[in-house]
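Given below, in the form of structure tokens, are the structures.
Shared between the two complexes below is chain A, which pairs with chain B and chain C, respectively.
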Partner chain A sequence: MTPPTPGCNPAVGGAKELRPFRPPRLSILAAYAVLSIYAGLILSTLWFLDLGPLQSVARSERTWFAVRLSLGAATVAACLALVCALPAAYALSRHRFAGRSWVDAVLELPMVVSPAALGAMLLMFFSQPIGQWVQEHAVRFVFTVAGVVLAQFVTVLGVAVRLVKTAFDEVPTELETVARTLGAGPRHVFWTVTLPLARRGVLAAFVVAWAKAVGEFGATIMLAGTMALRTETLPIAIYLRLSTADLGGTAALILMLLCLGLGALAVTRQLLGRATHA
Partner chain B sequence: MLEVERLSVRAGVFRLEEISLTVASGECHAVLGPSGCGKTTLLHSILGVRTPVAGTVRVDGRDVTRWPIERRGLGYVPQHLALFPHLTVRENLWYGLRARGLGGREWSAWMEDLIHATGLKSLLERRPAELSGGERQRAGLVRALATRPRVLLLDEPFAALNETLRRELWWLLHGLQRQYGLTVLLVTHDLGEAYFLAQQVTILWNGRVLQQGEKSTVYRHPIAPVVAEFLGVETLHPGRVLRVEEGLVTVQVGQAQLVAVGPAQVGREVLVSIRAGDVMLLGAGEVLTSARNRLSARVVSIQAGHPLLRVNLDAGFPLAALVTRAAAEELQLEPGRPVQAWIKAPAVHLIPLAGQAGPSLE
Partner chain C sequence: MKRTCARLWLWCAWRWAGNALALGLLCAQGVAQPALQVFAGAASKPALEELAQRYRELSGTEVELVLGGSGTVLTQMRLARRGDIYLPGSSDSMLRAVREGLVLPETERQVAWVVPALTVPRDNPAGIRYLRDLLRPGLRVLLANPETVCLGAYAVEILEHAFSPDEIATLRQNIVNYADSCERTAAIVALRQADVTLGWHVFERWYPDRLTTIRLPPEQVLRAGYVSGAVSRFARDRAAAERFLEFLCGPQGRATFARYGYFESPEAALRWLGAPRPVGGEYRVPPKWLSP
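Coming up: the complex of A and B.
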């Protein structure tokens, strides 16, 4: 029998030699499984990629319009979602008010009813008197770029509020109380204490909302339609290419969406890292 | 000056019932009580974080009960200090002055003064995470004092520190209070802290005030068994009043009789309360002429303590005494050794047991 290693408790280890810590194999396998699922999908898309369709897609004015529309609309929708989410999430995080549980419940609505159903609900809204009045006297949403932004905004708003609320929940209220005893009003406290401390979560919420908006399809197609060079976003362009059995063109567009999405996320992560370590 | 009058607060199922206390200008008042007795709820109600259901809070004579937190003129140091982690120490200290738009030579001199007194000068560019426990406490104190609050509220601010550091900060706070005439309301469960820093003490128990007064009065004369227990009175033993003659009360305690001072009724059941520090141990033949109670006792056990030893005695009832190590050696104290225990009559405090108000001793 080998002498006990210093620091090892024989009562705990018994006769067995204590092994150094090993990461659990099963969980690492699960992590690789996640990677392999998405890597498999990307590789199978690349299988259909040809240089010819790739060049024609890359040179197409219609493609670049879809790219610009997707990125622009997603950025506007995510910014609008964040502007609405900040006060709403703060209220949900810090205050008890009538109907709070109702507000909390509807945040999951876009996920529960699916984006397509949400788009159909938007279309129905603009088909009834109040919606028609908005269409005629304010902004036209049906089959317009504004409709693309609105569809993306409505789809991502719930998740943006939920994520920003989580970020605010993590800021101890005691810090706000102390700031107020020092003479700062509630708004000053929000801008100088709460928001700076929640910035990482708020930025993460923006990134998630933006990425979700870029990939939005169901609500957009229902409200804004599929008009080329007008309301055709990148996901809709992919759908239209596939519906004509143009697998090469579809693969090229998917690759483009993938590069834009992942590239933008990588840049944002870098900025996020700098912001949180500043 | 801080005046709290009949303040009642609801916090879920917990209630603070008609709390009244006054902190005179330049005075330190400690609210003492065990965890969960409502100390922090009381502090939050004074600060304006919680809205009371009844009662008033006055600061320098003005009713601030419905005022927003930032207008009350109260400084606050919470238990975990709540230094802003994203700001440097300098930014933390100047936060209040910036928020109030205060500046100029007078305020700079005041801050210089405070920073010098607390030794924070070399730490100003650090973040709170880079400070030690004691440095964080000092930063929290200076930040709260920066805007010259009318009253400083402290919520167990030294609870997380070791004994040496805690005492060091007691002295610092004591010095600052004297130097600047600070009005302080201190919430704590630490008897030593309250006794060191405060002049007045309020004992809070389960949302109610059990006793209030000058610290040595509360310390020596607890009005209820539960207060005596909380205040750590070492000898608490039931007894019965035998005689009352010219203000002197003779009480039967176990097998012994003790003389106490004060009003009492013959035949009344009482709880005899004696501080171990009021018991003097002498060898055979020595006499303490000023003490009325001389008890022949036997040492049961000796508990090591710092800086004093606690000697548990059998004096016809269990009695505790505190002695220095030198005295213990001089008297050759050891279990079984007979000693004389002398107690002055005013040091024997009687707490009425039957028909008393407030919670009873379990």
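Coming up: the complex of A and C.
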């Protein structure tokens, strides 16, 4: 039997079983390495999981409050971030204006400054006269659910603007120009040409912002405190369990956060796929 | 000829590198001591950093500090299965470490002492003078989380002892939230995001321009707290770890902690308090305090 020529297309020869062995490409190996790192972390967490703590965590009203608060606050924060990100990112993508480079640079702030530092900055802001006025006359943020939303919003806003800007950058300006020459106003062009073409990137920005907000911890604990059934989010609940050296409970809560976060992301990805292929 | 010269140079360089490496290893063996790893509550950070530096100068032993919440660093020590000394900021964390077999109980040494007191912003804008003032409607009261922070548990003990159930219900309406550590409790009041907290007397020393301590009458304070250290179960060199603990409890250690506002002895703490009281111990927080 003649061995198949390396590099030939097996479909052409019609001999599938004789397909030569090809070592996996380096890039595929790298992808598996990424998977194995995170899979390893999840498996190590499962090592500490016991049925007792898992049941007690799953039945606890406190846990479900933390779940509702985390998901609800993250959704509101991500929506608010997107509402602010759309016009800001469009301006950064399409216009040249005074201070543009400053605005562009400050988007990295939440990535450069740690979330805990961002939380401390928020707390300091609310202890200044302007912040005190906001607290007394508008919304009370410190130690409230509004504080949880604000902490998450501030943490994800920069990322949201950056990702939406990238989505707008990828839309060819020629298409907008053509629409303008056909008599469409700038607002009409934005809603009918730019945004529909950038929708995939915009939705991806929302998903990333939401996921980052669900896992937010440092700024939230600073601004909103740790009281159970009031401002305790799932990441804070995990931290408190860890502080009491309750490894079983910690592992159960981490698993819950993982399931909720990855589950929600998978559903969103499905919906996104449908939306973009519709 | 060129090739021979090159070989000679290579040989010389090789020998020189080998000699330098051998000399380096010899020096390292003679001078460096294995580092001690201390898992400590972050509240003791300023005093501990100073003492670690001093100990390095005196003995040549490096002291690595792993700082964080007392409960968190205990979990870190347990999971990492390393660390020579555990030095929490409160007695309940040490009791937990003893119960879980993570430290050698016979090596435990008390290092510094603290007493619960009311802590308010420097100019005391809410005009707090007594514990009963905490019942005033609209007051913003902050507590350390009684579930995870020893100070929070002691605060609940004081409140439960001082007030009737109806008064407790009134007071709990004033509690704005729980902070996750002693340091954060002090910082939040310093930033005026609460009118008062039940803190340690030493908070005032952490923020001298921003906080004031109001002493409670002795009948309202049920116990004093302390910072203690013990050799970890994972210690590589028990004798070296005990030597550092000895240094912390010695005249230099006590004086340094005193400079940061801690009491040098339980007697000094109780003298400040004005009544004999138990030092340390655990208080079981009633479940109603764990949520609003």
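We take it that the second predicted complex is superposed on the first by the 253 of 278 C-alpha atoms of A that agree within 3 Å, B and C clash if a C-alpha of one lies under 4 Å from a C-alpha of the other, contacts with A are read in each partner's own complex, and residues count from 1 in each chain.
To be clear about the criterion, contacts are C-beta pairs under 8 Å (C-beta built on N, C-alpha and C of every residue); 3 or more make two chains touch, one makes a residue touch a chain.
Only a predicted model underlies this, so the values are computations on that prediction, with no experimental measurement involved.
**Q** Could you check whether chain B and chain C clash or fit when both are placed on chain A?
**A** Fit.
**Q** Would you sort A:Leu46 into first (chain B), second (chain C), both or neither based on which partner it touches?
**A** neither
**Q** Identify the partner contact of A:Leu197: answer first if only chain B is touched, second if only chain C is, both if each is, neither if none is.
**A** After superposing on A, A:Leu197 lies in contact with chain B but is clear of chain C.
**Q** For A:Cys259, select first, second, both or neither according to whether it touches chain B, chain C, the two together, or no partner.
**A** The answer is neither, since A:Cys259 touches no partner chain.
**Q** Quick one: classify A:Leu123 as touching chain B (first), chain C (second), both or neither.
**A** In the superposition, A:Leu123 touches chain C alone.
**Q** Which of the two partners, first being chain B and second being chain C, lies in contact with A:Gly185: first, second, both, or neither?
**A** In the superposition, A:Gly185 contacts chain B only.
**Q** Of chain B and chain C, which one touches more residues of chain A?
**A** C
**Q** Using only CA atoms and the superposition described at the top, report the least gap between chain B and chain C in Å.
**A** 51
**Q** On chain A, which stretch or stretches are contacted by chain B in one complex as well as by chain C in the other?
**A** Chain A residues touching both partners: none found.
**Q** Under the stated contact criterion, what part of chain A meets chain C in this complex?
**A** Listed in rising order, the residues of chain A that touch chain C are 62, 123-124, 126-127, 142-143, 221-222, 224-231, 236, 239-240, 242-245, 247, 250.
**Q** Applying the document's contact rule, which stretches of chain B touch chain A when the two form their complex?
**A** 44, 47, 49, 68-70, 72, 74-76, 78, 80, 82, 84-86, 95-96, 99-100, 143-144, 146-147, 149
**Q** Please name which positions on chain A make contact with chain B in the complex.
**A** The contact residues of chain A facing chain B are 172, 174-175, 177-185, 188, 192-193, 196-197.
**Q** Using the touch definition from the top, list the residues of chain C that touch chain A in their complex.
**A** 69, 71-72, 74-75, 78-79, 96, 100, 145, 147-148, 175-180, 184, 187-188, 191-193, 290-292
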